[in-house]
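Got a structure here, written out as structure tokens. Questions coming.
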Amino acid sequence: MHDTVDIPLALAWVREIAAAVEQQEGRLTELDSAIGDGDHGSNLRRGFTAVLAALDDLTPASVGAVLTRTGTTLISKVGGASGPLYGSAFRAMGAALPGERADRAEFAAALAAGLAAIRKLGAAEPGDKTVVDAWTPALAAFGQPDATLAAAASAAAEAAAQGVRDTVPLQARKGRASYLGPRSIGHPDPGAASTELLFQALARVTAASGPSGSPG
Amino acid sequence: MKKLINTPDTVLADALAGFAAAHPELTVDLDNRVIVRGSRPAAPKVAVVSGGGSGHEPLHGGFVGPGMLDAACPGEVFTSPVPDQVLAAARAVDSGAGVLLVVKNYTGDVMNFGLAAELAAEEGIEVRTVLVDDDVAVEDSTWTAGRRGTGATVVVEKAVGALAGRGAGLAEVAALGERVNAASRSFAIALTAATVPAAGKPGFDLPEDEIEVGVGIHGEPGRRREALRPARELVAEVVDTILADHDLAAGDEVIALVNGLGGTPLLELYVVYGEVHARLAERGIRIARNLVGNYVTSLDMAGFSLTLTKADPDLLDLWDAPVTTAALTWS
Amino acid sequence: MKKLINTPDTVLADALAGFAAAHPELTVDLDNRVIVRGSRPAAPKVAVVSGGGSGHEPLHGGFVGPGMLDAACPGEVFTSPVPDQVLAAARAVDSGAGVLLVVKNYTGDVMNFGLAAELAAEEGIEVRTVLVDDDVAVEDSTWTAGRRGTGATVVVEKAVGALAGRGAGLAEVAALGERVNAASRSFAIALTAATVPAAGKPGFDLPEDEIEVGVGIHGEPGRRREALRPARELVAEVVDTILADHDLAAGDEVIALVNGLGGTPLLELYVVYGEVHARLAERGIRIARNLVGNYVTSLDMAGFSLTLTKADPDLLDLWDAPVTTAALTWS
Amino acid sequence: MHDTVDIPLALAWVREIAAAVEQQEGRLTELDSAIGDGDHGSNLRRGFTAVLAALDDLTPASVGAVLTRTGTTLISKVGGASGPLYGSAFRAMGAALPGERADRAEFAAALAAGLAAIRKLGAAEPGDKTVVDAWTPALAAFGQPDATLAAAASAAAEAAAQGVRDTVPLQARKGRASYLGPRSIGHPDPGAASTELLFQALARVTAASGPSGSPG
């Protein structure tokens, strides 16, 4: 259990996301095939594979350095809608975390900055059936007072999962799925699903015992 | 999935290597994934750069060369290129007169080209962007990401390439691009779904007697599913849908593009063209220039799109200007 | 069957009407089903006429124009044209210097062109025939109708068209055609079967993970069925099969045609070209000129063929000569 | 029952072939799909449809005139291998029947001339898996001495049918099927099957009672 996010934990988080994306690539692509163009899984896998290599070359001086490098790499390697969106989100989180460690409140502020970056770039409102619909409830859940970091992350992951389910009845208004009009209804949003993976990964690494960086 | 590839992960790299080998007259930067015209233009001129996800070949790499694009940036299959590629392209072709980015209106393309434009501007490269959004199957409203860019891209790229070649300034070339886009409408019908290599199976299942009407070029389903009908009836619906959204009147002239989506034989595209020609003739609209073939494809999707661009003497003059590229050549 | 057609019976008539509308620069005789170049050549010259079943577009109509064919006769789908068509074409284009018929080696084509040649000769038109038979998948023995004519047809037509344009006599042009054919070998692989409109279903069933190796361009099954493998391995097999039958040695140059069979995206053809280029480079063989695209198709069949023509300076010079047709244009 | 072939019977024969081809188009095309290019049925239907129209315009002065016009029309309208082959066969039969009627022996000679034309043009030997393999036994059966015209035609039709069956185990050496090599084994030859239709039609019209030209 961790109560602050330090550099090893940030590294662990991103690596945990990469592992989850690798494992869930097929499912993300399948979701994107239904209402998009069938590349969300391969997009993120390509991106996070590059992120892993980039992090190996990095000696980060701050939590933010990890996340900034992650974001920059995603922008350089992913393309599509998710590359700039997630890339900008990580870069914004990185900019918000200049220190060697961040407490829960600071990390919450970083997550909020990430969401703001996504919304600024993509101009999506909640309910538009995008990543915003998972990130928004996750952020709200993470921010609950008095929770430990691990409890906050766990609550955020659950809220993100609910957010994904809540995208099912929505008609998309942003991204490719919007081209389908009412036919986008009845499917979860692939980007919301990958956002859930981000928060699940956060929950896992913050809950892990042992020294930061080696989540159990 | 049946494809002539090595692995889904290497499709773009392998195809680009093949393209480079096949076209020694072009300069292909395999690391940055940028296709650049072979020789510098004689005098400084506005450079025209386009790009987008792969899987739409010959778009865009097939249109690089004198008279059309100065560079193209192919992204992964159905995935817009990354900003680094676009920046590398802009750097490679800017001769001081500025760079026009021709961008198809998709969220990913708009974002990635937008980030690249910012970076290029920071380096002192003057950049303008033309957004192509011609697909009338998508309503341009707050309910959508706006109309998709499809077949009109070819017409825009040909026209701006010709005007840039004549030495026009960046603002003028950009204005032309916007004008050609505004004069263009497209609509597409799919008989089968496309299979993205990384996905490994078709984007949607379509029964043997049904078609998707109003599809884009990324394998997504269309606006609705209908029964397959004779070409004449399908074309009537497509032409009428476009005309309902276009300001074309009897006596007008158009450039018409009957475009195969990748899996449809040329024989069928000519059947379609014949019907388009007849339907427009009934409306008093004359096709002044045409293209029939695979220009803006969607991998192996069977089907076609129709693009109609309202023509005027200036545009026809630019259309007729010489062009020498892998996929479009005339003199 | 999913096709953009009106009825199976009218496919050819409808497509030809569309082709005529799309190419006002050509003269299309819709009754006789003959496509003729638009303007008479400046001086009398050997006329080059080809034709064959439809379903192989752009072959042959797409190659009519200055520098290549003077006329083409499209037969019904996968059915050679009738003698009347060929005779009408010969009459339309003979300027007194004689007519060269470029015929792909199929029983039907040989017979129908042969009957037409007799009729034309009776009318005093001097006729010579070049038979194209480049497909190494077929053994040329008493056990077969001889090798099929496939991709090499494009190379032969380009070369003889250029030589005829330079004023060479009929015997010389015919001899060149035979020489180019003799210097050419092709081999094809199909990933899916073609569907003839009148048949209404694919010519053969192919499981999701199998391919037909050694197919022709008429939807018939190939020599054997194999498992689908990565492009690199398929190309290795195709190149090696051709080389085993060809007299190409290290240091030689070739014209290479990587040809799509109709349903294969250009992206994949470039992957194939990259592998062909690499495999030949390993053998010390240089590709001096290439074409990558759909040139000799088999309706909607997915797959590719490779044609290698041994090149020499004379042939390359003829290859580079200007050509202006619907499907092949350079200057 | 007819014992000579007169002009109405010749017309009836060709019209009966046209009807049979129309009805069997699908089967012929299916046979051709298996070892050829899937057009034999549509080829012959297109040809015989044109033949019907051509015969309507004809006032034949001889039996041969009917068959010659049939052959000429097939050559002009069919294309492919079967157009010249059947076209030349009918033209050769026409040339052999200059009179207003032909007896069984004269008609047998005409059938032999038809086969000779096919073999001259196509250079196929018996056993090559072509029309020759139906026409050859049919001709032999037709030529049996002392048979009536109808009995000869009926025997020819049966022999043609057997000839078709006998093509099944053959490996094709002529035409498109030869490209398949050993894979052509196990299928009947489509052209042999259409030749069987010719002789079946002959058997039907010669067996018909009533005046020539209205087979019952």
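Per-chain residue numbering starts at 1, and chain names A, B, C and D are given in the order in which the chains are listed.
Everything that follows uses one rule, which is that a contact is a pair of C-beta atoms (placed from the backbone, for glycine too) under 8 Å apart; a residue touches a chain by one contact, two chains touch by 3 or more.
Here the structure is a predicted model, which means the values were calculated and not measured.
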| item | value |
| --- | --- |
| Whole-Å separation of chain centres (CA-atom averages), chain C against chain D | 33 |
| Chain A-chain D separation of Cα centroids, rounded to whole Å | 75 |
| Centroid distance [mean C-alpha coordinates] between chain C and chain A, Å | 54 |
| Where chain C touches two or more other chains at once, by residue number | 77 |
| Set of chain D residues in contact with two or more other chains | none |
| Category of the chain touch graph - line, ring, star, complete, other | line |
| Pairs of chains found to touch, sorted by chain label | A-B, B-C, C-D |
| Partner chain A, residues of chain B touching it in the complex | 8-9, 53, 75-84, 106-108, 111-112, 115, 137-139, 142-145, 148, 196, 198-199, 201, 203-204, 216, 218-221, 223-224 |
| Complex contact set, residues of chain C against chain B | 1-7, 11, 14-19, 21-22, 54-55, 57-58, 62, 77, 191-192, 208-209, 211, 228, 230-232, 234, 258, 262-275, 277-278, 287, 290, 292, 294, 297, 299-300, 302-304, 324, 329-331 |
| Chain D residues touching chain C - in the complex, by the definition given at the top | 29-30, 33, 35-39, 41-43, 46, 75-85, 121-122, 171, 173-176, 178-181, 183 |
